[in-house]
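One chain, subunit A, appears in both complexes that follow, with subunit B as partner in the first and subunit C in the second.
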Partner chain A sequence: MAISVKVMKRPEAGRTSYMRATLKGMSLTFKHLVRPQAATLEYPEEQPDLHPRWRGTHRMEVHADGRPKCVACGLCPTVCPANCIRLVGGEDDQGVRYPIVYEIDEFRCIFCGMCQEVCPVEAIHVGHHFENAEYERDRFVYDLDRLMDQDHSTTLLWDPSDRRSE
Partner chain B sequence: MPDNGRSPAGAATVTLTIDDREVTVPKGTSLLEAAALQGTALPHYCYHPGLSAPAQCRICLVEVEGAPKLQPSCVTMAQDGQVVKTDSPEALKMRKGVLEFYLVNHPLDCPICDMSGECKLQDYVFAEGREHGRGREPKRVFGRDDFGGDVLYYGDRCVMCTRCVRFMDEVARDSRLTVVERGSRAVIDTFFDEGLEGASFAGNVVDICPVGALVSKDFLHKARAWDLDSTPSVCPGCSQGCNIELHTRDNLVQRLKPRENAEVNGHWMCDFGRANYEGLNRGGRLEAPAAGRGAKRRPAGWDEALGQLFARLQAAAGADVKIVGSAEWSCEGLAALAAVGAETGEVSARVFRSRCAADEDRLPGFPALARRRDLAPNVDGARTLGFSRVGGEDAAGGLEEVAAHDGVLFVLGDDLADQEAAFGEAASLFVYMGAHGSEAAANADFVLPVTTFAEQEGTFVNVQQRVQRFWPGLRAPGEARPAWLVLGALLAALRGGEAAPASAAAAFSWLAGERAAFAGLSYEGLGAEGAPLAAPAGGNGAA
Partner chain C sequence: MTPIEPGFWFVAAGAAKVLAVFSIVMVAVAYMTLAERRVSAFIQDRLGPNRVGRFGWLQPIADGIKNILKEETMPGTASRFYFLLGPALAIIPATATFAVIPFAAPLPTPKGAVDMVVADVPVGILYILALSSLAVYGLVLAGWASNNKYAFLGGLRASAQMISYEVALGLSLIAVLMMTGNVTLTEVVRQQQELGLWFVLPLSLAFVFFVVSAFAETNRLPFDMPEAESELITGYHTEYSAMKFSMFFIAEYAHVLTASALMATLFFGGWDVPFWKGDNMFWHDGALIRGFDEAGAPVLAAPSLWITLATLASFAAKTAFFVFLFIWVRWTLPRFRYDQVMHLGWKVMLPAALGYVVLMAGTMLVLAQLGVEFGLRYGLALTGVSGLATLAFFFFLDRDRIVGGAHAKRKFSSGRLASAAASND
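Our next item is the complex of A and B:
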């Protein structure tokens, strides 16, 4: 098969000026100086404004006395489409049902938010959080303590003033 | 319309119309049962097929043409020419109203309630109840009460159906529960401090409670109902062989529940059997076949192990054979073991050992059911197949002759827990087949892992000489195989060219052809409820 080679025609060296292109570029820069269009965010100094429905890593709500709100009902592991919640229920010293083990594998999670939606006691929430890089894979399985320690704001899955999403 | 062939010929029947469909039922059938026969499940709390019907829960109301008011279907008897409407607007409205009353005080406890997912209040409200409650008043709060034994009572959840009270009165005939107070303050309570402690059938009140008011302490918060897989099985606790369901999750048995069988256990089972499930989850299992004695033992694949064993059995032809079986293994496995022994040489002993209780524990309201003296499920099967019982009531001892035997020795399913490491030292060939390893198996030439009854299909024979099937609820560990599969293959090879059974059904039909007692029975025909043995043999009660 013949190989076709296309030779670009370039102006001879010394016979062209880049002045026009440079000025064109500079005029754009000056335009931004006068009328700034913020396309670039100075991350991480500047943090993005997350949408109220942004769904990031989870957070477990706690009672005033520090106990997790979860009652180990088993609905979130049942509904989770990624099957990434592990729950072992039990009873604490006050006879209250609570999760002995509650783990979410954030690697397998698809951040659908169904766990938050199904939770009857508003315990588990997805949240406004996205900086979750780790040095080790194991660290992506968040246990109960870690989920309770997370302190970012939680996702609003629906607008309380518009319960029917109209 | 035809009567679906359900009513026995000659018996008096009545024909009525339920929801525009004609149905013929035996005289004396209640409307609720007639509707069930016709395919309409009516809601009910106080009615239970094993108990009397006080018609107090008012949730089974149906419209009967000509009657001035709605009728409770559990106590209204079907009559000729009756026209019944179970889903007329009037009946639905009434049932919806009754359900709303139940929810006046019932807590919204479902997330923390063990009954959630199998609760009749959930089901009925979901099917026929109001979408939203209208109650504004605070609900009553009782908290929970320890009833003793394995039973815990959550008073707030109780719907006052009194099934539990009637079970203790009518079936256990040991009145330990009663209703105290009246109206919305009514609760179930025990008469004395010991409550249900020591009552040996009390676990059944947990099963019959239609809501989560009575729950099992052992199962508390352990698993959600919808996470459990259910497998029909037979209780391994005693020779009564109650029909049960294995409820499993994560390849572990989580609880046992009775399965209805009018001939054997009705709707019930005993607490001893119920508590036995932990034995089924015992770890430390044999997982791979091994060949060689003592220090020379090394792992072998099934093909290799069986090939070698076959050659050794052929070489040992005509030898004196002693067999130790187990009353916890299926009839098919035991029969194949006996046949392999007979094929090898002269069988001079066929024995098993099993534990015995001091006495029977009968359920007075259902006398066919008792926790029997023999605490193994297949004692009668083993006897029928020619095994005889040795050793003490604690399933120890009795194997002195076998231990010192110098011919061929087979052990199936007996852990030999009480035996010395020198067991079988003199045997020319010693085959150990079991679920768990044993120190006394050190001299075995072959150690073959076999499955327990919970991991395989098969049959047991109970104390009534009834053959009953069970199904696998657990995955077998490692390479373990059912005993009938291993021994069936050996037997086929020994007999030269016979086809080895490839399924439990084939193993059973082999058994039915081989043993007169099982003749005429078909595996399919046994179904889920079993069938009596053709010729009761060797069954002269407890040993």
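Our next item is the complex of A and C:
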């Protein structure tokens, strides 16, 4: 889908032929006209191929019993450069830490994916999803339940031995 | 077949023609905007509007509704009367010009044959010249009344450009007038049928001048100086919105349509179907005839609905081709710089067109002296002379001899550019 860029050789002034250049240009545009090589993606019908490392809407991984994997360590709100994660951690009677409040403001988020990289238990992820339009601004603050409900695939972390994610 | 008698049916036929031509022109203009967007999209490897209806067929209707519903803005500092007058003055001449263009062979009706032209006025070409230059008043008034410096510059450029190219346009038409000896457009079509050659061959250079001037007159790229988005926002219609803007838009496309129809009529035989004598018909002594036999007696023509439809299709195809040419050129060529436009108009087109008129007049005089009849040989002789003139003109215009950037020329002549280019490598 990439559009190749062709660097044109410019002739010197005085050696330019406007007539031939015009005709050449006309034939070039005509070739494109009769053989359209549309670079347009007809979006709602056709979906773009997202790269494995494409970073979109967040997703919270869950345990088999439905609890969030998050242990409320506080690393993601610390590392977040946009300061968009609000985390209030708690501890249950067995001493297991869990998030009481876990909210991500998708408006503030810059989708750098550092929360995913820093997470020690691979709980918070960014994922392959971008269609998150809403009618109200409040709806862009995703709470824990909403993050756990997301079902899109998650972003592949960068692997230095596989630089192109192949 | 006799012409329709003046009376009720004459008026009814006239009214029907006005109504039909006006609505067809308006619909054609609407679909030209769609064609422009689709063709430009394909040229640029895009898809263009394809969502409203199948292939975007309903897009012009959606655009029309949008333009009617949008807010009409009126700048506080604008001159109200002239601001409102501008779009009206732009659209009226643009739509009125089509009235004199014959678009098909006469249609037989029970009341007599009806000429397929709204008004076959005896001053046809002069009427077109008058109305097409009248259109610039709309742009100038709009530019001035907006009280906006970009709009004002656009209006100024429109007037300067219109004056510069009107001269070359007129001179290119003189060659046609010399061929026909008449300014009626129906007569122009008839002469081309009689000659057996379309005027584009015997008057090839006049056609080139006419096309270039027509592009300038309609303010289309590469001559869209009055709009020049990258320099003047949108030029004369910067301050206009909604339907008033739409009227300028319609005027531009109506001009393109009229210019295309004129190219077809003046140089490509109008509604003449190529290589077919059956559609030749013209009025002679109140009768529709096909031509004259050896004895000089008129041969009656047999007009029919089919001939009318075939000639109409021929005319539509020719016009559509030139409309396509307008679109094609627009999305290929970059805009001239302003001094280049003036340079081309005054220093190239005007003297060359003048010289061409003299050359053609001389050739016609020589042919008349030699006693060559108006016919195929006459046409071929002119084609030869004209073809040589065209080749000479293009040879002269080619290779940066005339329209070059002043800056590049200066640098080149002093040899600095060559050394600069060498050091860049």
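To be clear about the criterion, the second predicted complex is superposed on the first by the 116 of 166 C-alpha atoms of A that agree within 3 Å, B and C clash if a C-alpha of one lies under 4 Å from a C-alpha of the other, contacts with A are read in each partner's own complex, and residues count from 1 in each chain.
What we mean here is this: a contact is a pair of C-beta atoms (placed from the backbone, for glycine too) under 8 Å apart; a residue touches a chain by one contact, two chains touch by 3 or more.
Just so it is clear, the structure is predicted and the values come from calculations on it, not from any experiment.
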item: Partner chain(s) touched by A:50 [first = subunit B, second = subunit C, both, neither]; value: neither
item: First (subunit B), second (subunit C), both or neither touched by A:118; value: neither
item: Subunit A residues touched - subunit C or subunit B, whichever exceeds; value: C
item: Which superposed partner A:39 touches (first subunit B, second subunit C, both, neither); value: second
item: Partner chain in contact with A:97 - subunit B first, subunit C second, else both or neither; value: first
item: Partner chain(s) touched by A:62 [first = subunit B, second = subunit C, both, neither]; value: neither
item: Contacts of A:71 with subunit B and subunit C, given as first, second, both or neither; value: first
item: Subunit C to subunit A touching residues, read off their complex; value: 39, 42-47, 328-329, 331-333, 394, 397-400, 403-405, 408-409, 411-412, 417-418, 421
item: Touch list for subunit B against partner subunit A, complex; value: 110-112, 116, 144, 220-222, 224, 226-227
item: List of subunit A residues in touch with subunit B within their complex; value: 71-75, 78, 89-91, 95, 97, 120-121
item: Residues of subunit A defined as touching subunit C within the complex; value: 3, 12-20, 22, 25-26, 28-30, 32-33, 36-40, 42
